[in-house]
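The first chain written gets the first letter, and so on, giving A, B, C, D, E and F; residue counts start at 1 in each chain.
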Amino acid sequence: MNKLSGLERAEVLTQALPYIQHYYGKVIVVKYGGNAMQSDELRQQVMEDIVLLRLIGVKVVLVHGGGPEISDIMSRLGKKPEFVDGLRVTDKETATIVQMVLAGKVNKELVSLIEKKGGTAIGISGIDGRLIEARMKDERLGFVGDVTSVNIKPINDLIEKGYIPVICTVGTDAEGNVYNINGDTAAAYIAGALNSESMILMTDVKGVMRDMKDPSSLIPELTVKEAESLKEEGVIAGGMIPKVACCVKALEKGVKNVVIMDGTVPHSILTELLTNDGAGTLIRR
Amino acid sequence: MNKLSGLERAEVLTQALPYIQHYYGKVIVVKYGGNAMQSDELRQQVMEDIVLLRLIGVKVVLVHGGGPEISDIMSRLGKKPEFVDGLRVTDKETATIVQMVLAGKVNKELVSLIEKKGGTAIGISGIDGRLIEARMKDERLGFVGDVTSVNIKPINDLIEKGYIPVICTVGTDAEGNVYNINGDTAAAYIAGALNSESMILMTDVKGVMRDMKDPSSLIPELTVKEAESLKEEGVIAGGMIPKVACCVKALEKGVKNVVIMDGTVPHSILTELLTNDGAGTLIRR
Amino acid sequence: MNKLSGLERAEVLTQALPYIQHYYGKVIVVKYGGNAMQSDELRQQVMEDIVLLRLIGVKVVLVHGGGPEISDIMSRLGKKPEFVDGLRVTDKETATIVQMVLAGKVNKELVSLIEKKGGTAIGISGIDGRLIEARMKDERLGFVGDVTSVNIKPINDLIEKGYIPVICTVGTDAEGNVYNINGDTAAAYIAGALNSESMILMTDVKGVMRDMKDPSSLIPELTVKEAESLKEEGVIAGGMIPKVACCVKALEKGVKNVVIMDGTVPHSILTELLTNDGAGTLIRR
Amino acid sequence: MNKLSGLERAEVLTQALPYIQHYYGKVIVVKYGGNAMQSDELRQQVMEDIVLLRLIGVKVVLVHGGGPEISDIMSRLGKKPEFVDGLRVTDKETATIVQMVLAGKVNKELVSLIEKKGGTAIGISGIDGRLIEARMKDERLGFVGDVTSVNIKPINDLIEKGYIPVICTVGTDAEGNVYNINGDTAAAYIAGALNSESMILMTDVKGVMRDMKDPSSLIPELTVKEAESLKEEGVIAGGMIPKVACCVKALEKGVKNVVIMDGTVPHSILTELLTNDGAGTLIRR
Amino acid sequence: MNKLSGLERAEVLTQALPYIQHYYGKVIVVKYGGNAMQSDELRQQVMEDIVLLRLIGVKVVLVHGGGPEISDIMSRLGKKPEFVDGLRVTDKETATIVQMVLAGKVNKELVSLIEKKGGTAIGISGIDGRLIEARMKDERLGFVGDVTSVNIKPINDLIEKGYIPVICTVGTDAEGNVYNINGDTAAAYIAGALNSESMILMTDVKGVMRDMKDPSSLIPELTVKEAESLKEEGVIAGGMIPKVACCVKALEKGVKNVVIMDGTVPHSILTELLTNDGAGTLIRR
Amino acid sequence: MNKLSGLERAEVLTQALPYIQHYYGKVIVVKYGGNAMQSDELRQQVMEDIVLLRLIGVKVVLVHGGGPEISDIMSRLGKKPEFVDGLRVTDKETATIVQMVLAGKVNKELVSLIEKKGGTAIGISGIDGRLIEARMKDERLGFVGDVTSVNIKPINDLIEKGYIPVICTVGTDAEGNVYNINGDTAAAYIAGALNSESMILMTDVKGVMRDMKDPSSLIPELTVKEAESLKEEGVIAGGMIPKVACCVKALEKGVKNVVIMDGTVPHSILTELLTNDGAGTLIRR
């Protein structure tokens, strides 16, 4: 790309104009985390995309999880995973570790990367400003939480003051308990509460594909109805089922459209939002 | 350029990031007019650049003349040009025609093009809000004016309210006389009064060249001192002398840097500001 | 009048107090143009009235046409008028001339007069800030436009920032075409969109008269219903029919009352608004 | 005056235009009281002037005393006046009566008159918001106060919120004592603290006259120097000495000019400010 | 109390925390006057409570009467009370005396006390800013007024600017007549118009008691229904009947709860609002 | 304390009035951490004090460290402490653990406690909004940082939006490195940059004592000069030396006064600020 002339670059910029105009002043929630955050270089590119979006007037909100890092610290702290019906049991200590790793490690690393790229970010958790209120999902699972409400004031305050809000998905309740919340679900609630233009779920697959082994079978756009049919057909299966369910939840809560995309492809966010190539699978009502 | 992939486009965008960050929130005065406004297509590209700059946070102010269109209407209205010492005599009627063509024809066409590209513009003259106050330069020349002061309130009001100000360079005085003002000079005064980061003078040559016939002899950057030497050497000569004088005036009045560039090259503004290629000759203190 | 003592003058001022209180902070649209703009002295008096109104807290919006000046320039440019069913055909070139004369000549002259009287004005056209959106009325007439919408943001922005908005009535569409719009109609749409307290149509007759030759037969006040009866009776006839139709349109769109008055009578606006004499014919719902 | 036509009235209004423009947005302190407040009709006219001034954009502050009413209530309450060196002794009870009459009777009557004329006023004393801080002038006189500081915040707050501040001149100190303050002096301090354009002292004489018995000997304008000479000559004598001293004090504290005028002449304020007749004696630096 | 240690004091403060949080940012109208204002020391304590409430974020509005002081001045001025059906006849002169004593004496004394305690207050009457509009209740009673409307703008303006509004309860009408208004009723209307969280009526009895002679029979809390039963039972009788009626009126107009308490008990307001002891009788819907 | 009557409690509250008035609207930085944060109950009391201060209008900023918790997690993660000249070596991994424990564990626990007490807090680190910029102190120590600048915008933004800022003391540089910063020093820089009224250093000793074993030898107040003499005398020794140095640094940077107090004594902050008992040692210039 570096061989492009200044003129060629200028043309690319002006060709992005209608896309920039479309997203100007709108809220976009980017869910980043887990397997999509594989390398430092990838993270940097994602943060670069986010800084650029903010600069050109998009109100980006970054929501992240951090499963692999949690598991890593837990095993180093000697905590053994325990499961009930295939779901991880989160005792009080585990909840504290989740909070510590997400709010203290992953969150600050993302904030730091954004600032390295010239953006200004403030990283908070669902505990700060009582952002994510939650309750216990199932006593047997311990401190795994269902979102009961999202308080958007802190997010809007940070946006208004010029910061990119970076949010890790632990929740809290009136007693001060800390809950481990599924990142995708939290992002859907937050995007809904903010009436976002778009929610972008970054995963490690290209999107919804007819044949998981064949990238060329990617379905670029889906309605909620079509998604339901595809699930009945068994095309949407396995780990894609909760992803799609989460997208449908976001759409129900008022998000205009949701995109599932591959976070391991460089600059996939800008490609999706600011070019006519698109990336991943866009789901709309 | 249309063969570029989405990813390649995204990369171009992110490579523009440091430039966008540099100009974010700053004022840039673009002087456009005369021979640089040759074709409709070129005008559209310049307006496209301006709309993009505004969208990404640059406070662009467009200052324009319109010599060829004035001459055209004058000849159609049967006015014969008259000269004193090589300067055009501007009687009252001519001053009115200049005002009419600049404020009523060229100004509105530029406003219309900006809006077609998705921007929002308001076109005003030096008369509106007493923006450009002037006095007679030389009685023998009639209503040719020297700028006595620039009132930036109307410009700042329009910027604050979200418009791209488009300004045509006629001036006025307390008695309500209208003066024909040299466009480059007016732009220099306006840019100075606004403490602009940059003033861009769009002409129909590439910039300051050692050999006017050899584009490869373009001098990409000059200090004021160097410009003076070049003038003494005779490198800066002919029509380039007042252009450069005007740039020096702008720098003296507080503009950080000035660029003389070829307005007939597509997207030269974006190339200069948002890529590391540069365009034309940059003059700094 | 100059023989009045200071006390007598002070009394006149205090007698205007209840009228000033009534209009304080309200929007009044003054349509000025055509045959009412006959002499320089008259124009100055009208502008003086407008400056005074603004100063005492009335939000005046000046809308103007300029038929005679358009015809003058057109004939000098060698354009021959062409008519279809008695309506002037406006080809693209004519539309440009209309724009040029209204936005570049008449508009700036009015702005200049306002400023000479100590007011601060910014003159814009229906193109600026996409103020008047229009579409072709009839293909055979060319670029004669019907108003499709009025965007009041630029007007309110200028008022808020302390300027008297001076608007010339050309319209535009998404493709950037320019339309010649009937001035009275445009004023009615603008007054309606602004929820004006009053719209004042300045003509060259005293108002609605029972007998056009007898000024003493002026009807000082009418309801819409009464106007309709008078039209059926033939009392409202000829050029007064579209004037009154335009007033009714303004009332339908939310203007509180409309006054048709003689713009060639000195200070008729102040007489109407700030004394209990009244001037012209007031029409209300 | 009622025989004037609408047009004649309109002309009077437009002739006031330059005066209105001059005073627009400026602060004028009107000191009203004592013998100038003789009749109800006069009071109404003064309040009418003030309401009109406020409406046309002048920030009027009304400062008042009320000597005759204080004496009246005191004698009805059986308090006997006592003097030291010709100055009235103000014991604690007298101070309370002064406060009661000024803040509770005169102040509210003026507020009420302003509102009857369509203005909006809030009446406060020097105690409210610690507006006038004072200290004892001379122990033998009791609670007669010298102004130590003026706190303009309450005045500016009321102006900003749209009220005409009506202020009675009692002062207070940190212990909560109440002081009787000379009204003219208090007005001078207030006008100075507000950087007023003008202070108007309403008395029951025409102004400074060469011969007190000959109204035609009124001196329309004086500098501070000239005033001093006139005092030495004995032209300024008797009760006019403290009046003029007070005006000089106001000028020293930053007021642009001061006018001593006859408050018993109808509409003398408007005559002075908005016509070229003037009224009384204007003193400037 | 002075023997308490710093820690004990700190504990008392933190125990007030939930109460402070509850009232933070809410409006509370305190009606003070008549027999509750018996001693200077008591007044000081009440004002201290009010200053503290304001400082911790409660928007306190102080409404006061001043019966005993009115009677005192009236008798000193030689006015004899006259009664119709047991109600005091208020002729024009009496109305003026009421206004003078309330607005000029009591009001300013309360303002002064608040400022002595470090608060900032502005004292106004129902005349200022047309705060309390009233009409004659009964021709035979003269200028005794019924509240027709409350204009809360002046109160909110003063609160917004940081002052404690101190209001005396005289009313006015369009003609500028002054009316004597029952203080409790005026407070109820004001509290209702402000949607207050609470109205506190300070009297000289403990509250509603089963047996007026037995303080231990105080009823700490009542619903409107219960109050009606108690009235039928004769428990609420005599002077308590209009007090309770006034409370019911306030509740109907939107006040959340009303407390009748003994203003002669030191710090009864703080005891009621910021401790769990409570004071007096709380009435709620 | 619970035996106090409502009246006694009200008296305590009003006795705090002058203290509350003194601190109203001022910034106070509380440094909390290390050995002062020994028990959950103590933490709750400190947070209660902070919530109360904020509620009564003090702009509290909470700065915290968390040494013991860092050591605990480090040892559980198998990291062995290493020392150079008695200072802990902080390799990159250790710096990450410090960041994780402070920003993810301690910070969120304090935020959660504040919210449980009814306050609203947002917890950030020195990385967020580039709050604390730092550089390496000594290569041999690794990522131990010296503060190079404090960016107060994020703190002021959070205060303005109504949050209690809770800040953990890790710093960052342009390359995105994370530095372990001494908490007391960071608090001094932050307090200085904010021009705080007061900085409170909570430790586990009573303050500066003549004899560390005798609490009654506590020195309640010191000037900087006296502190220097005491250091020379050896009275200020051991761990108290850097504490006092840090206080002097804060005073030099503009803090009005600094208090060293025992954070293990309940409600010591309120005792110091809102009662006349005081707590600990106050140092002033």
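As a convention for this text, contacts are C-beta pairs under 8 Å (C-beta built on N, C-alpha and C of every residue); 3 or more make two chains touch, one makes a residue touch a chain.
What you are looking at is a predicted structure, and each value in this text was computed from that prediction instead of being measured.
Undergrad: Looking at the contacts, which chains touch chain C and chain F alike?
TA: Common neighbours, chain C/chain F: none found.
Undergrad: Kindly list the shared contact partners of chain A and chain D, in label order.
TA: Per touch definition, common to chain A and chain D: zero chains.
Undergrad: Can you name the chain that lies farthest from chain C, using the mean of each chain's Cα atoms as its centre?
TA: Farthest chain from chain C, going by C-alpha centroids: F.
Undergrad: If contact pairs are compared by residue number, which of A-B, B-C or A-F agrees with C-D in over half of them?
TA: Duplicate interface of C-D: A-B.
Undergrad: Chain B and chain F share one sequence, so how far apart are they rotationally when you fit their Cα atoms? Give it in degrees, rounded to a multiple of 5.
TA: 120
Undergrad: Measuring from the mean C-alpha position of chain D to the mean C-alpha position of chain F, what distance in angstrom results?
TA: 56
Undergrad: Which chain B residues touch at least two other chains?
TA: none
Undergrad: Classify the chain contact graph as line, ring, star, complete or other.
TA: Looks like a ring, each chain touching just two neighbours.
Undergrad: Please output the residues of chain F touching chain E within their complex, sorted ascending.
TA: The touching residues are 1, 4-18, 20-21, 24, 45, 48-49, 51-52, 55-57, 117-118, 265-268, 270-272, 274-279.
Undergrad: Residues of chain C touching chain B in their complex?
TA: Contact set of chain C toward chain B: 73, 76-78, 96, 99-105, 107-108, 111-113, 115-116, 120-125, 127-130, 154, 157, 161, 163, 170, 172, 174-176, 178.
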